[in-house]
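Supplied in structure tokens, the structure appears directly below.
A, B, C, D and E are the chain letters, set down in written order, and residue numbers restart from 1 in every chain.
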Amino acid sequence: MGKITLKQVNKSFGEVAVIPGIDLVVEDGEFVVFVGPSGCGKSTLLRLIAGLEDTTSGVIEIDGKDATALPPAKRGLAMVFQSYALYPHMSVKKNIGFPLKMAGMDAVEAEKRIANAARILNLTSYLDRRPGQLSGGQRQRVAIGRAIVREPAAFLFDEPLSNLDAALRVSMRQEITELHQALKTTMIYVTHDQVEAMTMADKIVVLNAGRIEQVGSPLELYHRPANTFVAGFIGSPKMNLIGGEEAEKVGVATIGIRPEHIDVRADGPWQGVVGLAEHLGSDTFLKVEVEGVGTLTVRATGEVRLRHGDRVGLAPQMDKVHRFGADGKAIA
Amino acid sequence: MSTHSSRIAARIMVAPSVALLLLWMVVPLVMTLYYSFRLYRLLSPDRTGWAGMRNYTWFFQSPDFWLAMGNTLALVGGVLVITVVLGTLIALLIDQPVWGQGVLRILVIAPFFVMPPVAASILENLFMHPQNGLFAAVSMALGYEPILYLQDYPMWSVIAIVSWEWLPFATLILLTALQSLSSEQIEAAEMDGASAFGRFRYIILPHMMRAITVVILIQTIFLLGIFGEIYTTTQGGPGSASTTLPYMIFKQAIVAKDIGRAAAGGIIAVILANIVAFFLMRGIGKHLDT
Amino acid sequence: ETTITVATVNNGDMVRMQGLMDDFYAKHPDIKVEWVTLEENILRQNVTTDIATGGGQYDVITIGTYEVPIWGKQGWLESLNDLPADYDVDDLLPAIRGGLTVDGKLYASPFYGESSFVNYRKDLAEKAGITIPDAPTWDDIKAAAAAMTDKDAGIYGICLRGKAGWGENMAFLTTMANSYGARWFDENWVPQFDQPEWKAVMTDYVDMLTKYGPPGASNNGYNENLTLSLQGKCAMRMDATVSAGSLTDPAQSEFADKVGFALAPDAGLGKRANWLWAWSLAVPASSDAKDAAKTFINWATNKDYIALVASKEGWRNAPPGTRTSLYANPEYAALPFAKMTIDSINAADPTKPTVKPVPYVGVQFVAIPEFAGLATSVGEIFSAALAGQKTVDEALAEAQTLAVSEMTDAGYIK
Amino acid sequence: MARATSTRRKLLTTLAAWSVALVIFFPVLWMILTSFKTEVSAVATPPELLGADWTLENYAEVWQRSDYPRFFWNSVVISIGSTLLGLAIAIPAAWSMAFVPGRKTKDLLMWMLSTKMMPAVGVLIPMYLLFQRLGLFDTKIGLVLALMLMNLPIIVWMLYTYFKEIPAEILEAARMDGAGLWNEILYVLTPMALPGIASTMLLNVILAWNEAFWTITLTTTKAAPLSAFIASFSAPQGLFYAKLSAASTMAIAPILILGWFSQKQLVRGLTFGAVK
Amino acid sequence: MGKITLKQVNKSFGEVAVIPGIDLVVEDGEFVVFVGPSGCGKSTLLRLIAGLEDTTSGVIEIDGKDATALPPAKRGLAMVFQSYALYPHMSVKKNIGFPLKMAGMDAVEAEKRIANAARILNLTSYLDRRPGQLSGGQRQRVAIGRAIVREPAAFLFDEPLSNLDAALRVSMRQEITELHQALKTTMIYVTHDQVEAMTMADKIVVLNAGRIEQVGSPLELYHRPANTFVAGFIGSPKMNLIGGEEAEKVGVATIGIRPEHIDVRADGPWQGVVGLAEHLGSDTFLKVEVEGVGTLTVRATGEVRLRHGDRVGLAPQMDKVHRFGADGKAIA
């Protein structure tokens, strides 16, 4: 149905090798998220899969068949763009029905599918509006609707939620997750939002400069980052990476400890001064300056009455400490 | 930004344009209206007086009048169709990545820089002339009789000349419209399985509707008044085959020196222009809403 | 210092004058001349509008024999009777002078005059085994055209004006009509297109051009036909005498030494189909520098000016057709076209242009204000007939209806 | 995210595009070529691309026959003058329409455009008389005024569309920064709309440069621009193709060169407005 | 210096009263955040204060002086727009210096101030660039720089960070906070981001349909929301609002309990089924369907091994339960 295999896929723009060579298997029905810093090649990789860009070398297989040379329309994939890319002059209904019209589907059947997609996405009462008359979330749903109707082998999403505001992002995120559960279609999803990656993915692919740093389930990446790059990239706020003396104590180049794994305790081994205290009610985030260690970010649950300038003691939960070698690789 | 003071400022700032244009329109219009009811022939200053509706009835009774009306609309319509269709195709073509794009564009735009009388006389003499024109030479080289463009297809010849002049304008506006189309929309359509034609028909064309509207609107305004090209080439002939309303007026004003009739013709032309404008607005005005 | 504005037509002779202005300035250092050189039709349009609305933009205007009698009668032109004696008004060719005089007053001074004649390629005539007499009849012309036509070789037996316009096809057709015994109006200003003479004119005209003329003749005017003649594509052509200069100029035509000339043909009725035209200089009544203007006109149209041109650019370039003395000059008379030109001019009589009597003056035009408009419209109808869009009968009927209505409108027909 | 295209495809489109462009440009090219021929080879059958005897004589003759620099200068003054004056009047008007729109704004715009629909020949005599009585006949200022008014609706329209592309927030920011109305237009709006203003300017310079009815009708000597220069060249004596071509080339060369140098601006400017 | 007082300020667009009448005092030096759902009138209120819109009625005082009729330029306020509204044709330096130029300040003094602002905002090395050559965060800093140089009586910010990505948002947030601490100038800040409101504000103003629902410090609003609207609006994820039987037990119309105040305990009083489990590593968010209560959002710290369909027991921390009357008002 929707298994996608990349074999030594390589893409250069002119001289620049944006993707030096990637092997990746996306299993049928999987929800795979690509994350990575801006410019690392996430979109390029997605567009290669979609067929919107030609590979420089390598093979892309869809369902075991070589699709490297197929045009986008023939690959049976659907894509949802960051800017939605709705057709502004068509009504919602026409937008959703466009792929069916292009496929030459008969009107009755198309009508049924459109109605079904609209129902799933709660768009039924907007079918006659133009995209310009819709809110951001509704537009995003139309874009998804347009992808759904074709019943594609896989969905490709390129930062589909980044133009939405926080609240909407949360609810759309859940809608997409539910959609995946309902359809069980392969989905490849590009984002740079931590929470989206962690909550939606079956499997996260961390990219850096066109290379895969690690592939794994969200909790795998959280608990066992393969290297400092992944360790720093996954988790919010970022893991504290500490080098120097503290790391030498345990005989490695760098140790890492997440903000939520540091307890505030007067008798903690690290004594420091609060630089910034952000009180969210549910949590308090502290930036603490610790002599000889550096600035540590600490998350304390609930309201902690600390302010700028207060002295605190910090205790890392030693079983949660990550250790990395000089090459940045994790040491088991 | 709609504070009271800015609204007042806005009124003051449009005032000069409105006042000037009002003067520019009203003064000649009133004078023309006045003359249109006068007997006024430049060369017979001794014969003057009120003419009643005579100047108008002369037009309506003239055997050429309806032909001229038809030709006027044919000229406007023909040029519009040609420039919009060809303009769209050319815009699509030169929007593609090609080598030497800068030079290419200037070549395409060049006819727009040519003064209309020059354009007309160049095309007439160097190209369409049945003995010395390049087209004739081509015909003969291919073993055909030269085509008598101005004699056998006078209206088409005029339309072709005017189209050549206006094609760059249309192309330019349509090209820029094309460039403002987000590539993601095209890619989305591609993913949706649209063929090249499908993308053009359902995505590109609708996107360009507003630009097409602008082209139609602006060109119509200019085309409705065209007579110079006709004067230079066919002189409205043979017979009245290529006479348009402005050319008819031109003949009355310039050749016959009958100012009263020319004025009446001017008023008729204004009315025609407004009718055209009305349908234009009705038909395509909705694309101008932003 | 006085500045005068001179509006003039862009033909070679007028342009040449602009190159000889040093002579004028040397003689009249206190007068400065501003030139407005325009194409004939635009010139006519601008000058007419100016003079009719009393604009006073110009001090000297270049106008033709059509305008002079009309404008003179309106009092729009300053009389030139008071030009100094060295102007030698009696030296002007009588036919030309007659066309520029109204009620005994000379209103414009001719700069150059022209008539029309036949030019043909002698080599082609020889090849076809015919001779064209110096004073041919229309039958001679038709026969010659038929004999010389070789369309496959791109040779057309005859080129005549076909482009619509009172100064284009109607100038020619009116002279042809004159020789056929036709006329524009009878004594009561009733149009005569319904008469058999006109039918004969139109039938022959259309017939000749369709059979022997170049394709697209309905769009050919003076310029187009001249070009064809210079290229040698017209075996024969009837047009203005002024083109003789170009035709015999080896720089412009490789057939320059093969051109023959003949008088415009007749039909044995006593009138030849030649016209009379003179580009003339006049002073608008609205000018505010009349004396300077007259000084200029005297300089520009004097015998001395002709001599000046001759001395600078040779006799062949002297402005033709205005003065008896020029043709008396043996050097000039030796030019191949001189005799034919003077004979043609003398053969035209603007005051008695037609076989039957008419109430108007003017050879290839009718000197009434309405003529330009009317003749242009009729010209369009006739050019449509030439293009094959109408039959001759239809065209004539249409022309008649149109003319009657316009003449009634203008108050000539009561 | 423009897609990379294959070289082969680019080659094909390049070929096609250049063929089309050359066809469109050909008449101009042919005219320029003809201007370098002798009169005889200009009408030669079969046509010669450029006769062996190519010559500058036509230019020399045209140059000699009329005062080209004066016509040229008048054209420059009239077309640029009318455009600048038009801009000065139109910028405030377009500002109002774009940033303080009312219910009637679009009607007003349409009305302005409709003033252009009066056929020139129809009002020839009224205009002529008007200009004569006001002492504007054959003056540059008269033509500047006439052409300015003729093109004003187009200028306002184009500026309006360009201005509408500019976010109102930036003008508001200027206002917060202490700019008065005038400074707002001078320092913020105008420079920001510069590409649009430039292409409006170009378009109007071209329209004014090419205008050939009023410029001929309303001038004699002092203000006559290149259109009148052209009108003095279809010499009725002898062959004239080459000379006509030379004169025509001289008349359009300045604007063609201007267009050449500014085509990026012209195209870019038009991208901003008019179409979105 | 920068005290701003709104008295019965009312704004209608045509028939629609967008702001029906607001009284508000912003003290000198205060950092006030306006929050509220989209379309509630936050921007309008800010623009009224700025003078970019006329009030329909009411009085706006700045430093005790009536400013209602003053044009924006005369109010001595500076504004930072969501879109930055930088002048694209001016260099960074000219952008920042523009207000000074408009004020006719002499070049030497202006130069000094620009340099100072650039130093504060770390823009010194970008002074000659155009806005188009800057990153989003740098642009935002230029916009702030332009506001700073004038030493305005107060700063107005309209969602200044919403166009930035998450990471940048965090750091810009801190920069603005530090700026406020350094300048001690009144700031009015519009946002719909929870975290921004909670961490930056001295005082939050919660708006709803043009009306003020509550004014107070972030923790006040978190701990003592005045009504269900504020309760639901402040805090993320949203407070669970429970009506029906459970509320009746304590004799009120509605009770509210925040997700972080519900413990997952097998013996909890509420037994339910997990609908959705989002594992972030640091936290686990659960949506639990509880019979008779409804769907509750629960936040559990750390990793909790629960998945869709599991049965759980939930125990609300009873001291953290909020109680609301039938009118939605909080009951003390």
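Note that a residue touches a chain if its C-beta (ideal position, glycine included) is under 8 Å from a C-beta of that chain, and two chains touch if they have at least 3 such contacts.
Owing to the predicted nature of the structure, the values given are computational and were not obtained by experimental measurement.
Fewest steps needed to get from chain B to chain D, stepping only to touching chains, is 1.
Where touching is counted per the definition, the chains common to chain C and chain E are B, D. Chains joined by the most contact pairs: B-D. The greatest centre-to-centre gap from chain A, using C-alpha centroids, is found for C. Chain geometry summary: the mean Cα position of chain C and that of chain D are 39 Å apart. The distance from the centre of chain A to the centre of chain E, each centre being the mean of the chain's C-alpha atoms, comes to 26 Å. One simple way to say how far apart two chains are is to compare their mean CA positions; for chain D and chain E this gives 53 Å. Measuring from the averaged C-alpha position of chain A to that of chain B gives a distance of 55 Å. Residue numbers of chain D whose C-beta contacts span two or more other chains: 1, 3, 43, 45, 124-125, 129, 172, 175, 231, 234, 241. Residue positions of chain A touching 2 or more other chains: 52.
Counting partners per residue, chain C has 45, 49, 53, 154, 227, 231 as the residues that reach two or more other chains.
The part of chain C that touches chain D in the complex is made up of residues 5, 7, 10-12, 15, 18-19, 34-40, 42, 45-46, 49, 53, 55, 57-58, 154, 222-223, 226-227, 230-231, 242-243, 245-246, 249, 252-254.
Residues of chain E that touch chain A in their complex: 38, 162, 165-166, 174, 177, 192-195, 198-199, 218-219, 222-223, 234-237, 258-260, 276, 278-283, 285, 299, 301-303. Residue ranges on chain B touching chain A, taken from their complex, read 182, 184-185, 187-195, 198, 202-203, 206-207, 209. Interface residues of chain B, counted against chain C in their complex, comprise 41-45, 47, 54, 58, 63, 129-132, 145-146, 148, 150-152, 234-241, 243, 251-252, 254-258. Every residue of chain E that touches chain D in the complex is listed here, in rising order: 50, 52, 71-73, 77-79, 81-83, 85-90, 98-99, 101-103, 146, 150.
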